[in-house]
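Next up: the structures, one after another.
Look for subunit A in each of the two complexes below; its partner is subunit B in the first and subunit C in the second.
Take a look at the complex of A and B:
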């Protein structure tokens, strides 16, 4: 007994308690629900057996039902547009801004820091702002684009089925751009200045310096930023209820919102669990691909 | 690359970029001050013709924002308390050692960050329902949201602990402190600033939490401000100046805290995010 006590005050017991409590909590709130989700996706769940554990086994019925939904491929297409559009937009604009703010001028880091305000705002508020900016007849974006002579008529960002997924993607690019820029700035700051000076003496122009020094030196940062972009984009939920609610006619519905709709609008929890399982498999496959590709790149 | 001879020109360009980027925020405040007919002017007016500040108390009253914001405050405080209590010690131990077990723990925590809330909400809701936790909806949301924010907090606070030299702690142990004494009186005070910044960040995120609250809390008087906003927001909204006034009152405190603590928040975020 005394050994245990002294271990808690002076030895490994201290570490075990500190880590153990947290791990137990996370296991109960993430590990157990994850397993439960898998179980539910193979069950028949309705309002009558929601409170019991003995539910009829459904085999792959839920999966078959989800795949044969008429909107299934539409949702997959939209998720792909949303994920790749968001990551590409956030990364390209974020990288350009990060490089710009590496130039030396007064207040550079303060102004750069202000950009991050988009990231601390509640997602629902960001959605509300963009829902108003992207409004069809009275939206300010259309007015600006018309004023610049880019478009003639009115773009119905939220109600045109061809545009609605892009409306949410634009909002998400704005939301995540600053975070991307911040992480890329950290990577850029880590590149030794004298490399650029040496290259300049050798007569390399700006583009050559970018492709032969900046990009290779930034390889691991870029990998991490793209991976985080994928993680955060697949977690993005708040913009959908705020801007389009997945509509019109599912033209802006994505997997994460569809899963929620099954569970909390149609109260078919088994189907909701099934969609989330499919999404989770996609997340895991994507992260494995990412880990393997970065490892390969680092080895060179 | 850094020898451009016109820092003033660059500063103007930087301010212009920031203005373009932060335009949505300006537009929120500008719209909230416009009258009901001016918001539908075509082309839109970029400066409100007759700024009308009475929209703020009116919206506050009509949308019962005091109840909504109070609930947001309760939820954010609960989430932050739980996260700091459970996350700090764990982050410390994970920063203190390097061995395969620690690597496994870190990997597990990183993987937990990947799980989207929209995936977790279905099993959490059904499980909470079976445990009877849904009778205490705000507590249920606090527990669920803490489960989401703890991994993020641990990863970043761990980076703070890494920068505390372990010699100081060893000296305290030699002087006869217990592990607890060394942790609470030596290590924690040294890591105080980083922990504070990340606690504030956790608080701000929990203050805007939406999906768990929307799914779990069905009683309107217990819902937070994000759910309150979603109540009159959608593809067919028309009450835009009211929505923008609500949004402005909701985010202005967050924006103020952010601007004041900007430098610390940025360094707290970037120090750990890439390690």
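Take a look at the complex of A and C:
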């Protein structure tokens, strides 16, 4: 009896309780909704059987129906542009800014802190803001571009099917830039100065120092930033209703917004669940790649 | 100790008193009403609910404001979990989603007995939207429709005497009036990718002999090509694809477009904002004397079938209907019935516009009614957008929409 007790307070039992509690929370808050979503994607769901479990079984009908939608491939293409465009933009500009702010000049850290303003703003506010900036006939961006002589006419960022997905991507890059910069700054600050000094003595130029010291030393930070970028980008929803509503003609519609449209505009909850299941598979593949690519690292 | 005991007793007594109050008021019935009125400005449902609640007639009214985007979802959820309100007010194309499934109470017989509600006086469009299978499930609350606003000063300057009566004239005048180099568009409308797009495009399909069951008409194809051409030439802003009607008409009010397709909800703002002479005309037709059509907007009221107090709820409904003559003077809404006189406001442009919209209302046709209207509507606005962005030809876009609609209808 005492052995069991002591095991619970300080031993294997304690570990098991800790792990068990976490698992319980994970199961209740992530597992159950996930399973529920999977079940829904194989059923016919409408609002009048929403609160019961005994709904007609649909097999793969929902999946077939989603894939055969005329806009399916357009949505996939847009999701790919949005995800990779956002991650690339956020990462490249974030890295550049992080390196820039490593230079010591007056107010460097204050200005860097101010960048976080974009990150703390709610997505809907950012969306409304960019909605005005990107407006066609009276937008600020067009006025600036015209003033600089880059364009003549009017760029209809929100209404031109060739531009609309880029309009949302630009807004999302701005939104995620500060977060990327902050994480990368932390990584940069962790690299010992003397490595650079030694390399400089050996005659390495700036580019060589960047590729042979900064990048390898930042490997795990970069991996984390990219993985988080993927997650945040796939979660990004607020910008879409605020800027383009997925339009025109679905030219800026992405999977996460499409899933919402199915469920809450067309009231076809099963198809909404189906789209989110497809997204889940994509995220799963991406996270397997991420885990495998960082596996060989020894972590303390 | 003694003190504490006394306190306890006092507490008990108070508790009993509190418990006794609802017991005394047991005869009182509470009716819950949900609507979007009061979300942005004072509206009829919130006002009338409050008035009825204050009357001493044994019926209380509890009113809840919901946002336009939420009310269908919220009602669905409440109905699914058995907490539905007694009376709910929905946009007319959403009404059939509920009435077709018996979620609204059949009030045909109650209306036949009623001295207040008489289905015969209602306009055909609003009446159709509350009917299903020949039975009555609600009443129209208020209605609206669309026409063409035009800038009389610009028309006079360009030497155009009358507003456009056909779509050919609409295009001709718009092209004449547009000055792309000065940021002045010939016209504006809303082809947005949501219900607003369908709201403005479906009348075109209807007046060319089609309907929501049959969208690929020659007229609809012609109209899409016409509008596409106007967008390509800068006569219409490309932003008609993303602007809602309210924002689109805003460009008309600021003098950046010579014509605007929109509805009577714009009148009050236009009286304030537009510093030019303007007028309204009926939505153009394809040929002179051809069939007319227009959109039917507005909200309906219905009693949910899960109500525990159908008779009392009906009394509340009767009270709302009995106040219909206040809709226009107090709230600026048009009643859905022909037997309500609209008093003149004394503002010349407003009264003139109103007369046109009342005439237009005779041609207004409801969207649906169909329980899966949202999907049909998406097929229609998707087709419009695909054609106007040039992703598909009008014929491809409309036949794709037709295919989608056929699967929904069968």
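Heads up, the rule we're going with is that the second predicted complex is superposed on the first by the 267 of 300 C-alpha atoms of A that agree within 3 Å, B and C clash if a C-alpha of one lies under 4 Å from a C-alpha of the other, contacts with A are read in each partner's own complex, and residues count from 1 in each chain.
Rule of thumb we're sticking to: contacts are C-beta pairs under 8 Å (C-beta built on N, C-alpha and C of every residue); 3 or more make two chains touch, one makes a residue touch a chain.
Only a predicted model underlies this, so the values are computations on that prediction, with no experimental measurement involved.
Asks: Can A:91 be said to touch subunit B (first), subunit C (second), both, or neither?
Replies: A:91 sits against neither subunit B nor subunit C.
Asks: Scan A:19 for contacts with subunit B and subunit C and give back first, second, both or neither.
Replies: So A:19 only meets subunit B here.
Asks: Is A:268 touching the first partner subunit B, the second partner subunit C, both, or neither of them?
Replies: second
Asks: First (subunit B), second (subunit C), both or neither: which does A:159 touch?
Replies: A:159 contacts both subunit B and subunit C.
Asks: Name the contact category of A:51: first (subunit B only), second (subunit C only), both, or neither.
Replies: Both partners, subunit B and subunit C.
Asks: Report for A:245: first if it touches subunit B alone, second if subunit C alone, otherwise both or neither.
Replies: Both subunit B and subunit C are touched by A:245.
Asks: Quick one: subunit B or subunit C, who's touching more of subunit A?
Replies: Ranking subunit B and subunit C by residues of subunit A touched puts B first.
Asks: Is A:209 contacted by the first partner subunit B, the second partner subunit C, both or neither?
Replies: Only subunit B is touched by A:209; subunit C is not.
Asks: Name the contact category of A:70: first (subunit B only), second (subunit C only), both, or neither.
Replies: Touch partner of A:70: subunit C, not subunit B.
Asks: Could you say whether A:101 touches subunit B, subunit C, both of them, or neither, answering first, second, both or neither?
Replies: first
Asks: Across the two complexes, find the residues of subunit A that touch subunit B and also touch subunit C.
Replies: 50-51, 135, 137, 158-159, 244-245, 247-248, 264
Asks: Considering the complex alone, what residue numbers of subunit B touch subunit A?
Replies: Interface residues on the subunit B side: 1-2, 4, 7-8, 10-11, 13-15, 17-18, 21-22, 24-25, 27-28, 31, 39-44, 86-87, 89-90, 92-94, 96-97, 105, 108-109, 112-127, 129-130, 143-144, 146-147, 150-151, 154, 178-180, 183, 201, 204-205, 207-211, 214-215, 225-226, 229-230, 233-235, 237, 240, 243-244, 247, 250-251, 254-255, 258-259, 262-263, 265-266, 269-270, 273-274.
Asks: For a test of understanding, state which residues of subunit A touch subunit B in their complex under the given definition.
Replies: Residue positions touching the partner: 9-11, 14-15, 17-19, 21-23, 25-26, 29-30, 32-34, 36-37, 40, 45, 50-51, 53, 97, 100-111, 113-118, 120-133, 135, 137-138, 140, 143, 146-147, 158-159, 174, 177-178, 182-183, 185-187, 193, 196, 200, 206, 209, 221, 224, 228, 231, 234-235, 237-238, 241-245, 247-248, 256-257, 259-260, 263-264, 269, 272-273, 276, 279-280, 283, 287.
Asks: Which residues of subunit C touch subunit A in the complex?
Replies: Answer in residue numbers: 72-73, 76-77, 79-81, 97, 101, 103, 183, 192-194, 237-242, 251, 256, 374-375, 378, 382, 385-386, 388-391, 400.
Asks: Where on subunit A does subunit C make contact in their complex?
Replies: The touching residues are 47-48, 50-51, 70-71, 135-137, 154, 156, 158-161, 244-251, 264-268.
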